[in-house]
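Once you've had a glance at the structure underneath, I'll fire off some questions.
By letter and in written order, the chains are A, B, C and D; residue numbering begins at 1 in each of them.
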Amino acid sequence: MPLIRCACHAGFSYWTGAAAGPPDALRSGSEPPASGGPIDPSIFEEVASASRILAVQGVLDAFGHVSMRHPTAPDRFLMSRSLAPALVTAGDIMEFNLDGEACDPQGRGVFLERFIHGAIYRARADVASVVHSHSPSVIPFGLVETPMRAMYHNAAFLAEGVPVFDIAEEFGATDMLVGSWQKGAALARSLGDKSVVLMRGHGSVAVGPSLEAAVFRAIMTETNAKLQSQATILSQGGPIAALSPEEGRLADAVNLRVIQRPWELWKRSISGRS
Amino acid sequence: MPLIRCACHAGFSYWTGAAAGPPDALRSGSEPPASGGPIDPSIFEEVASASRILAVQGVLDAFGHVSMRHPTAPDRFLMSRSLAPALVTAGDIMEFNLDGEACDPQGRGVFLERFIHGAIYRARADVASVVHSHSPSVIPFGLVETPMRAMYHNAAFLAEGVPVFDIAEEFGATDMLVGSWQKGAALARSLGDKSVVLMRGHGSVAVGPSLEAAVFRAIMTETNAKLQSQATILSQGGPIAALSPEEGRLADAVNLRVIQRPWELWKRSISGRS
Amino acid sequence: MPLIRCACHAGFSYWTGAAAGPPDALRSGSEPPASGGPIDPSIFEEVASASRILAVQGVLDAFGHVSMRHPTAPDRFLMSRSLAPALVTAGDIMEFNLDGEACDPQGRGVFLERFIHGAIYRARADVASVVHSHSPSVIPFGLVETPMRAMYHNAAFLAEGVPVFDIAEEFGATDMLVGSWQKGAALARSLGDKSVVLMRGHGSVAVGPSLEAAVFRAIMTETNAKLQSQATILSQGGPIAALSPEEGRLADAVNLRVIQRPWELWKRSISGRS
Amino acid sequence: MPLIRCACHAGFSYWTGAAAGPPDALRSGSEPPASGGPIDPSIFEEVASASRILAVQGVLDAFGHVSMRHPTAPDRFLMSRSLAPALVTAGDIMEFNLDGEACDPQGRGVFLERFIHGAIYRARADVASVVHSHSPSVIPFGLVETPMRAMYHNAAFLAEGVPVFDIAEEFGATDMLVGSWQKGAALARSLGDKSVVLMRGHGSVAVGPSLEAAVFRAIMTETNAKLQSQATILSQGGPIAALSPEEGRLADAVNLRVIQRPWELWKRSISGRS
């Protein structure tokens, strides 16, 4: 997959609205975008750890990816080159602009669906990290009319509602992949101000105010999906007393404060693995 | 999370009624409560083992905790500092009074939900150990009208009935956590004289006459939940021939006599892990 | 649990009818029964391997047991002392008569439910091995009106029908355990001439013409239970095209001829474990 | 199981029609068929890796097999001798003609169901690899009226439809195995031009234009089956928005281009295993 090379984006302003038209950068150019500035090497380690954690936790398999917004340049983000998530190390992390263009490609392959990440960082100034996965228990919720709801406090971020993005609504029959900025922008519009969006026949995206939060939410979305399937069996058509939106807001605030505990545990689970 | 420091509770009498008002200890004071007395070091090892066993068995993940009543001071209990259960070792075990105040805090973080434990030890003189978990198959039973029942002899302790604690009934919209003695007391009232109480949108609590019994019950509650989900699928609306209360009483007595066999097996499963 | 000591049974004749009254041996005596004769040490190794295989395969946990009829004395059988199945080695295998009395107890604890084995060996001359388990997916089938059926050729032995033993029918409220020769005989009557009998609120028993066959059947019964649960979900009340009894007979004959292939694979899975 | 020895097939022409009558080769002869020509040793390694990958992924257990068409002789294929898939190494790979006759038997046991492979290679010139498995989540779909559909883009190859082969329709009560060229030909007719065929009461077959593609499809069929069971629970009788045939075609084309990524990951999962 050849890299799209384009005009330098050093001066590209950070735009938080959903994309309404093609960014200029896609229309011309021959140079990769400039870097958003130097980054502490430990950041690359953390992004790579997130990737391997998500693989060990069964959220990512050979596909899917996690990204993090550049800590000082909001119009840049960090993501692995195209590689199975379980194999990602710090040296695989690349920098992209919000159009999904690599700042220093070095001939490396990049993920076709990097537009998911760029489009969401553009639309959501509050988002610092994005996880795109095909985690298995979540996929069925993108295919049915039953909405995903928050089954317990650790999945409290779902209580605000979980939209479904059906790529066919705007784009007709496709290969189901978010392989263009237009599709990325449409996905970001479906996500709106929520924490998770389901993708019909494909997977889902979880976002958060930190790398740890996005990883936590991706993992808990998978767990919650399993719980809701069980609750559906047990309820036999009766009510399921999911968290209310207010309960969700209150519980999510606590989760974000204690997130370091699971994060440290998960990091131990990947030590010794590359 | 700063520790609440309070008046010494050396003379605090052991009270088995459910909490009706705020214990005096919460109203004033500056000294931590006194210890209930010296404890054989092997006890700390056993409590830590219980924590790691529950992690290996999938009952606890990054959250949840197990405690044990002080062997000679019934108004004290032992529980890990705030730490992922898989990582707990003997040195992490702290002593608390029944208000959840640490006897020798040493600046260590404590679990927000230690009130679950204190309140139950206060209300139930027969309880020597408490496990609070978010074990996944159990959570859906706290959300639906279908009561949990005993599917087989190893889960016989469920045949007496399994109440559901809905924190919203008394406290309205909350963060779902049992983070105060009032909430702990309400939970203990829901538990009543039973072995397990489900917590809506949160998890569950299992209690027992020994550390081994509480661990066994927490594990078997998770197993039973899986079985009942399967039985619900298979019954297709027809009857499920669960254990009767009398069968439950008879079978539970046998379980408590043979509990050392699974306990030794589970201890082997954690050897070499910290 | 003290061993019941009884009169020597060296001359006890092999009786294939279901037990109608208490064997004489249970009424008096002070000497353990005589051994049925020397056994090749590799036989003990095979019985112990079967125990550990069933643990690794998830059919046995801390409870349950596998036995084998004495190769030359049909009124004796071999079974581990009371021990978690995952820990059994050749030195733990003991010899029993069909009343469940140990020939050389040496003060070792024995399984309470050894009567399951003795009663079935007495009632079924064709049976060379018995597995009693609480394998999780099977238990729900003992609680519902939906009969277990053969979902695929490897579980062909189920196509002949799978009876359910409800201990309450004959014995009222009990501890659910088969802890006497009377209960063992009732269970054997429920089994009849089939390969598997389900035990309400407890577990199941699988039998076979060889140790390998009984182990294979216990494992495949667990697998089949999972498949039938899935088929029940998918059929949505419609038909499930299970194997017919004739298909079952034909396919089971093939399975018994190729059984060494899974057996060797399973033995590899336990090498290095004790 | 003795090998059928037959006339040399060196000149046997490659025939893509479904078998309408017994190939001449089955009627007489005494010599094994000639080899299709020398093969790069790395090919044998790849076929053996495929076998072990499918075992590690839970698609194959003690039974089942994967084959690959001879790279230069379309009327020959490569498959392991009769052996548990987890144990297959390059030296176990044998060459067969499309009648399932070994070119150089050396007294080795061969799989009874090698006719599955030969019949499909004969009927489908586009197929380069065949996997036959009893992967557990797939089996129930062969027993019910609910058709298997594509739940997500990685299982896009299912969107064209998934036929069910009921061996009883043509052959009455059997041992359920495809143990003759006639049964293999009937199975190939059921498969038609699709990628997967379900076998009632038995398992399934996945085919692909390359070894990697057939392995990928066998694994994704198992995953898809789990997803569809969950979707069926969640839909509660309502619609399931599976991939349309056109979406399936478009997404499958992408999958085939990125297949090396999971393949390399899966190969890492078997390194150090034999």
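In this section, a contact is a pair of C-beta atoms (placed from the backbone, for glycine too) under 8 Å apart; a residue touches a chain by one contact, two chains touch by 3 or more.
As the structure is a prediction and not an experimental result, all values here were calculated from the model.
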| item | value |
| --- | --- |
| Chain whose Cα centroid lies at the greatest distance from that of chain C | A |
| Rotation angle (°) superposing Cα atoms of chain A on chain D, nearest 5 | 90 |
| Rounded Å distance, chain A centre to chain B centre (Cα mean) | 36 |
| Centroid spacing, where centroids are CA-atom means, of chain B and chain D in whole angstrom | 51 |
| For chain B, residues that touch 2 or more chains besides their own | 228, 233 |
| Touching chain combinations (by label order) | A-B, A-D, B-C, C-D |
| Sites on chain B touched by chain C in the complex | 150-154, 156, 223, 226-228, 230-231, 233-236, 238-244, 246-247, 250-251, 253-254, 258, 261-262, 264-266, 268 |
| Contact footprint of chain A on chain B as seen in their complex | 61-63, 82-84, 86-87, 112, 134, 136-137, 139-146, 166, 168, 173-177, 200-203, 225, 228-229, 232-233, 237 |
